[in-house]
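Quick notes on the structure that follows.
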Amino acid sequence: MKPQHFKFGLALLLTPILLWLTLLIALPHVDMAMISLRERVSAGTYAFSWSNYTAFFTEPLYWRTFMRTAVMSIMATALTLLIAFPISFYIAKVARGRLRPLLFLLCLVPFWVSELVRTYGWMILLRETGVLSSLLQWLGWVDGPVEMLYQDATIMVGLVYTSMLFMVVPLVSTLDSLDDSLIEAAYDLGASHWRVMRDVVIPHAAPGIVSGCIVVFMLTLGNYLTPTLLGGKDSLWFTEQIYTQFITRFNWEQGSAFGILLLILSSLIVWIGLRLSRQSFTKVMS
Amino acid sequence: MKKVFKRASLTLLIGALASSVANAEALRLLTWGGYAPDEVVAQFEKETGIDVEVTKSNNEDMISKLRATGGSGFDLAQPSQDRVTSAQADFNIYKPIDLSKIDADKFIPSMLEATRKNTQLDGKVYGVPHVWGTSGLIVNRKSAPAVADYTDLCAAGLNGDVSYRLKRPTLIGFAFAMGEDPFSAYNDKNKYQAILNKVEEKLISCKGAVKTYWSGGDDLLNLIRSGEVKAAMAWDSGGWKLNSEIPDVTFVAPKSGALGWIDTFALPRKTKAEDAAYKWINFVMRPEIAAKITESAGNFTASKGSDEYVNATLKKQFQESFSAQAVDNIKWYPPVPPGLEEMEGKVLDRVKAARL
Amino acid sequence: MSDPVTTSFDLECRNVRKNFAAFTAVNDVSFQIPQGSFFSILGPSGCGKTTLLRMLAGFQQPDAGDILIKGRSVLDTPPNKRPVNMVFQHLALFPNMTVAENVAYGLRRRKAPRHEIETAVKDMLARVGLPDSGGKRIDQLSGGQKQRIAIARCLVLRPDVLLLDEPLGALDLKLREQMKVELKHLQEKFGTTFVYITHDQSEALVMSDHIAVMNKGRFEQVGTPQELYYQPDTAFVASFVGDSNCWRGTLVSRDSEGAAIRTASGLQFRVEGALENLQQGQEAQVYLRPEAVKIELASASSHGDAGAGRGGENCFSGVVDAVLFDGARSQVQVSLDHSSESISVALPQTPMFHNIGKGQRVLLSWAAGQCSCFPV
């Protein structure tokens, strides 16, 4: 009797997540894959076709948009890591007492408002008549108003800002588990600060670095609002392309194909990243 | 990446939930901002006891939402007349209108007739007119006095000072300004493509003049208000709204003609409150109610006699922007044949992706 | 150059002090360690010994005083440049490196030539008895092997001083006993000066040439294990090093050789030795080692002469209260006649005492000179 009870209980516990996974993740993806493999022949009639996929590779626009999105996401991930690492190290290893939760909170605070509000915040700061531009003029450093929006650099700033927390959290938790005496031991044995980082801290934090990078990369790649709003006329982000296909072009077939391609290509990039850093996915995500 | 798809499935889910919850005494209205002001909704609810749930939207979004649900989730929609038949042919999302349930005498007859013709598919009528207006230019007469036509938006001297949408009205407007007649080429895809190619080239060369491609009406108004954008292609109502705040800014009917649109009433295929929908249509077409909608939306309606109730400022602004000749020169959108939007989409994508 | 007296010491501390906010962790500590000796700092947890060690390693800066290694102040030398190395409490071997890479780490950082490193590592692994472990991962080693690698990793750098921070604490008892001997051997073999901190008196007593007993940030006494054990300078040392019976009493009379002490419960006995600090009528703390008491079996009726007595011997009779059997370290608790005091006595390993049990009458005696007395 007992084990059966247990099984029933387990099934009950797993039901919500299984329902969630099948109804909201698996089914839509299957549906999306099926839609992506058809072509509109005339009003209301469709036929099987690979044309949506070949369009991605033959139309340089789509391919270039994807490459640009991927490259910028990788850059944003690297930049986030570069900025988040010292912060995480400080939180995990240097800060003591009340300072620690306070710093962590500071990283968390921007996430109490929605992404849209945050992005508009950046727009208020950076627009031509915005806070920063006015400040620079008031200081006399520039002659006229400067437009800081609608540039790739602005997109980058927005993406890094949005991703910071998702890098800091895994980094702090792995760095937290690093025994201080390992750092001291390396230092004691004659290592410079840089060597201590390279030989002890970074190898230990590697799973955190990789998992943070995966999360940030996927979030960045899938981001829609930040590149669209901050990038303006030159934003050109792949998710924007998907959105356009679905919503303004009513071309679900092409949009689905892009969605599937994004899934496959981003997984491929993550896989290559894991191979290059010699980490396994199970280890990184545990 | 999944955002878009999630959105689609979410719409599905919400649609399903909403339809199961909504009873007959609620009208779910899919419309534009300003077309169902609170005051009008409250009066309607008081009179009929029917609750009105308003969802603000735009042409593409309306079609997407109704397509995702196969025409359910809403009881009454308000697409532009030129977008009704193609969407109906492709996705079968609307239900024919029973004109006998409409108080025809409340409409301006010529408009009712034009819409009836333009929204006809296989002998069935899918729309009746509601609000009409134009797209043209909003110009700051002080800082960009020379802008008088669409193509003036890429005149030298305007560097990062203009804005327009990357949507089909921009393509059409530029085509007219470049001396083409895109509407007459609607049924000749080769000719239309040739026009589009010309426009594409122009728009790409124009990128330097553009600050950003606007997408939300409020964003654009802010850009013009702050002076960051000096001239833009936009709706007349926005221009008049700004004119009330900043006298230098106003709507200008372009030399090659403003683009005229009529937003209609159309019944989603799986509407659950058809009677309520007809009640709403007849209610808002009353002259005094229509005038209130004109106040809130900034555009005139197809309601006969509502002009008398509209305040003088708007009338004056309209007359200032439109001479009698300019009114005659309005290019009314004919229904879009299927397939054209795909061609336009590719052009718009390439413009967006182009780098100078 | 520096003065020859100071250079004969590998490590010297002069009036070193360290405060943490209002708390003084190390208070005015001075000591000198001769070259090649095994020096232990023994004290309870929180006594400041770890802080002192970390200052020697360079991880913390003293607020006052000076630290000299081979006669040269190292206060301005960061840990990675100091000629001292440290074996950490949990060893801190690098888990992402092999055994050989761990041992080679310091040499690599010194940019020693590759072939030199290889030979040195090989040689060092052989000397600590793990010649074939070079390619192993750290988690493949046993506790004792890790210990040896941690020491090898430091010794391969030939430091002037090796600091050890309770490295045996994590080991089980058997292994700890074994490692004590091994550590001492290693130290003798390499001739390096070891500074070893521990709270375990037996580790300190077994291995050290000299021990400093530390309490509340100060050194109470520095001396050989024998000196600490037999001639404690302070009450703290007497109680902390080894087991002791402890009584509190009043000095009732004194003469040229010694004095008589009486406890509150009426036990009176004679003490001899260093009593300069004690006056008639003063309160004193008296310590007596269990093994200093001579025990004899007595018949059920016999009553020994209670009290202080003849020729500097204290003789008492009593009844066995409890037998604490622990092999060679067995003790009995005896409650004395004529007083409520009880006393722990080491049990001699003669057959006569094998059957001793509760209720057995015994005669106890100890020489007056065996007691250590300190004013309260």
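As written, the chain order gives the labels A, B and C, with residue 1 at the start of each chain.
As a working rule, a residue touches a chain if its C-beta (ideal position, glycine included) is under 8 Å from a C-beta of that chain, and two chains touch if they have at least 3 such contacts.
These numbers were taken from a predicted model, which means no experiment stands behind them.
Chemist: Building nodes from the protein chains and edges from chain pairs that touch, which of line, ring, star, complete or other describes the result?
Modeler: line
Chemist: Which chain pair shares more contacting C-beta pairs: A-C, or A-B?
Modeler: By number of C-beta pairs in contact, A-B is the larger.
Chemist: In terms of Cα-based centroids, which chain occupies the most central position?
Modeler: Chain nearest the overall C-alpha centroid, as shown: A.
Chemist: Could you give the separation in Å between the centres of chain B and chain C, each centre being the mean of its C-alpha atoms?
Modeler: 91
Chemist: On a C-alpha centroid basis, what's the spacing between chain A and chain C, in Å?
Modeler: The separation of the two C-alpha centroids amounts to 57 Å.
Chemist: Chain A to chain B: how many Å between their CA centres?
Modeler: Here the centre of chain B sits 36 Å away from the centre of chain A.
Chemist: Touching chain C in the complex: which residues of chain A?
Modeler: 179, 181-182, 184-192, 195, 199-200, 203-204
Chemist: Any idea which chain A residues touch chain B in the complex?
Modeler: Touch list, chain A to chain B: 24, 28-29, 32, 40, 43-44, 59, 61, 64-65, 127-129, 147, 149-150, 221-222, 224, 232-234, 236, 238-239, 241-252, 255-256, 259, 262-263, 266.
Chemist: Taking the complex as given, what residues does chain B use to touch chain A?
Modeler: 1-9, 60-61, 63-64, 67, 87, 89-92, 160, 167, 207, 210-213, 226-228, 338, 341-342, 345-346, 349-350, 352-353, 355
Chemist: Which positions of chain C touch chain A when the two form their complex?
Modeler: 57-59, 79-81, 84-86, 88-90, 92-97, 105-106, 109-110, 153-154, 157
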